[in-house]
Amino acid sequence: MSISGSTSGTNSGNPAGNDPAPRLDRAAVAKRAARDLVDGSTVNLGIGIPALCADFLPDGVELLYHAENGILGFKELSAPGEGDPNLMDAGGKFPKLVPGMAFFDSVESFNLIRGGHIDVTVLGALQVSRTGDLANWIIPKRGIGSIGGAMDLAANAKRVVIAMEHTARGDMPKIVEECTFPLTAPGCVDEIITDIAVIKIDRASGRMILRETAPGWSFDDVQALTEATLVVDGEIVVMS
Amino acid sequence: MSISGSTSGTNSGNPAGNDPAPRLDRAAVAKRAARDLVDGSTVNLGIGIPALCADFLPDGVELLYHAENGILGFKELSAPGEGDPNLMDAGGKFPKLVPGMAFFDSVESFNLIRGGHIDVTVLGALQVSRTGDLANWIIPKRGIGSIGGAMDLAANAKRVVIAMEHTARGDMPKIVEECTFPLTAPGCVDEIITDIAVIKIDRASGRMILRETAPGWSFDDVQALTEATLVVDGEIVVMS
Amino acid sequence: MPINKISDSFADAVADIPSGASIMIGGFGGAGGQPTRLMMALRDLGVGDLTIIGNVAGISKTTGYGWPDHLDPIDQGMFFESGQATKITCSFPVPGTTNPLSEIERAWREGRAEVDIVPQGTLIERIRSAGAGVPAFYTPTGVGTPVAEGKEHRDFDGRTYLLETALSADYALIRAQKADTRGNLQYTGTSRAFNPAMATAAKVTIVEVDEIVEVGGIDPERVETLSTYVNRIVQREAGDPLP
Amino acid sequence: MPINKISDSFADAVADIPSGASIMIGGFGGAGGQPTRLMMALRDLGVGDLTIIGNVAGISKTTGYGWPDHLDPIDQGMFFESGQATKITCSFPVPGTTNPLSEIERAWREGRAEVDIVPQGTLIERIRSAGAGVPAFYTPTGVGTPVAEGKEHRDFDGRTYLLETALSADYALIRAQKADTRGNLQYTGTSRAFNPAMATAAKVTIVEVDEIVEVGGIDPERVETLSTYVNRIVQREAGDPLP
């Protein structure tokens, strides 16, 4: 859990009106991120766009959702007003009791994370650097922030995927050469999925490879909203 | 659990026949050790004489027995042939299921020990030094030994009591100035209860204080079978 | 006869907590697993200069985090609103930007409180270590971040780790669903969270439960906190409307 | 559809274990909690140069430790009798002086096996640390003893501690009573011991169970090993006479 869900939600789109085509909505970003989740994986989804991934799993894919507060194997939320305070997820919501769930304490929950047993975590971000540094827990001018499980997840999950809007308020780039915000973890991000692009980070070579663009967006269009230098390595396909 | 129970059991008494009076039997040593156990304490008893303490608790005293293999609150053993392999103590015996027991894994079991939550452990010994060093896990000439939970218990229990025969085979002293056997833990023993004496170790001053002697045994009689120098500090009473 | 661990009231259970004490407060954040009645008793006791150790702390009142919609949330912010607490160590004291300031953030901004923010996995492992007799351990979490400042770095097998130290407290206020009279505890669902580890890491552990049963009333397989760790137990009133 | 973790036979479940592998064997010592059928399958597989990681190891056959009187004990000594194992890390490999030599002690005396004896609390914490992503920790246990030789010593708050490192393995053979088809595990009584921690610390965890149930067949409060840690499950034959 990190605060990035709520903070990246403050992006107000494209006030200047010079986008070549519409950006994807949050659901579409989540849907694209969900497509890469592998059946049977143990997965931790951050709040915001990442949490929406659960609504868009491909047919036949079943994931084992983990939340930091000590639950594995939850699915949908209870109806409003029907939740049990003793059956909570890490976002403070109340899932339903379903077969196969497991409850445990916070020691065990972070053994699972720190021990590298989480296959994938999908998180939000304030900034991601070209080499995969992630900043998603504090806005410097606020002076105080919340870490929660974000540092443990970012540093230790087998795969770290960022699902977010491509830019912050006023089209300020969030994908940067070097993060100026305090880090959550250095060199941890494997892939970024945004409302205009899918970018793979090749940490070994320090390259950001543009893999996909939203319909109507070119390499140059995406690069214009990205401070970090993007490269092409193989075909660029249209996001779907 | 340490091997000392079985090894200290090899003492063959007093072959030279020059004892001033009989030595106490194993049950009497255990009974004397049991008298100091405080109601409600969490206690770990080693095998041999220490394990016998459970048979001699004063009226009204109820202890919470812990065994390293992950059980708290056990009492008597099952009848021969009736034990359940999934309800074992650390000595490999099978206690009965009684109300209030708790089962847990070895991580939790040693959190309890290492964390200093065991009020008293009663252990056997091969040697105890004047400053409370304990050796009870390996006989040097054998070259190989078993540590089990002995080092964790000796180093971390709030109070370490040794219950043993005063001397080894041939009246070789076990209570010595310096241990010649490899240590289980240095400076850990609080009290020694043997078949001829009760000795308190004042670790702050490095003194062994003789508190009690078996009926018919004088200070000098006990000192003669003790390599470490004993001192008197207060009255010496007769063991009972 | 073992010591009687049962307190007659929440006020009695916390009565000896002095000003200046460090207090662990169990649960995860949210209503479930939070020792709400013990917290209210500590607030009513009025002692000050407290150091609080929590997890998700003080964000429920302004965000509703982890509380059913029909109830007014109660959270660790109460000790900062009352001015009793001057420090908190926790992982998540700041709500999102769209929410009003929490009591903890307000106290921090006004210079009334020190806020020590620790990664959640490091926080729980530090607490667990205090109970388990481990004075320090290495973790990969926080390397290359502000959390690493001033800490020892060390490489094992080519990866860099931080040295983190055990975190104990004078008191732990925790919440369980069931206790037996000896002090064995059983939890329900996700209410375990920080409670079992905190029970092991404080000099005095005080537990708020729904129900106290006789010895034998908890399945030996379901004793999630051993009685050895528990000093005081208080039972809630039947039908208490708070979770 | 999640991966099928169920193996058809004990032989299948261990078939890919190569010579030279390191193998954790669960339980405490004694019949309860020991993955006896998996051990027999590994012996029958015949691979060699194995490193075994156990706890109380190889003393049941000569002492009866932890076995019902009417059965012939089976223990980790089998891998030393067969010559498959060349090393063991454990806490208790030597029976009392009044007992015949164990297979492990005999192999050690004959120079066929290296025996690494570790304090039990340090052993379980090293295994737990490997699963929990902690590369090293400090413990008070072993200071001033042969166990401390060559290890880093460090003082915290005036007491001296040893640095101990995480201990992982290629395979863990463990024993539980119940598994669901997803791989969640439930244990009975004192059979937990080293099993849950070992499940987290090996590259491949293989579980021997009495019963495999559908998902939902284990109470969510009683999942003592999470399915994430489990790679293969084998069910014993109904009425297996071994504990």
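Order of writing sets the chain letters: A, B, C and D. Residues in each chain are counted from 1.
Just so it is clear, a residue touches a chain if its C-beta (ideal position, glycine included) is under 8 Å from a C-beta of that chain, and two chains touch if they have at least 3 such contacts.
Fair warning: this is a prediction, and the values are worked out from it, not measured in the lab.
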If a chain touches chain A and chain D alike, it appears here: C
Most distant chain from chain D, judged by the mean position of its C-alpha atoms: A
Intercentroid distance (Cα basis), chain D paired with chain C, Å: 34
Whole-Å gap between the CA centroids of chain B and chain D: 29
For chain A paired with chain B, centre-to-centre distance based on mean C-alpha positions, whole Å: 58
Shared-contact residues (touching 2 or more other chains) in chain B: 103-104, 110, 113-114, 156
Two or more partner chains touched - positions in chain C: 125, 128, 132-134, 139-140, 188-189, 220-221
Chains touching one another, given as label pairs in label order: A-C, A-D, B-C, B-D, C-D
Touching residues (chain side chain B, partner chain D) in the complex: 1, 3, 5-7, 9-10, 67-71, 80-81, 83-90, 92, 94, 103-107, 109-110, 113-114, 133, 139, 142-152, 155-156, 182-187
Chain C - residues contacting chain D, complex: 125, 129, 132-140, 154, 156-157, 159, 161, 165, 188-189, 220-222
Chain B - residues contacting chain C, complex: 39-40, 42, 60, 62, 64, 66, 72-73, 97, 99-104, 108, 110-117, 156
Residues of chain C defined as touching chain B within the complex: 1-3, 128, 130-134, 180, 182, 184, 200, 214-216, 220-221, 223, 226-229
Footprint of chain A on chain C - complex, ascending: 28-33, 55-56, 59-60, 63-70, 91-99, 105, 108-109, 115, 117-122, 124-125, 128, 139-147, 177, 187-197, 224, 243
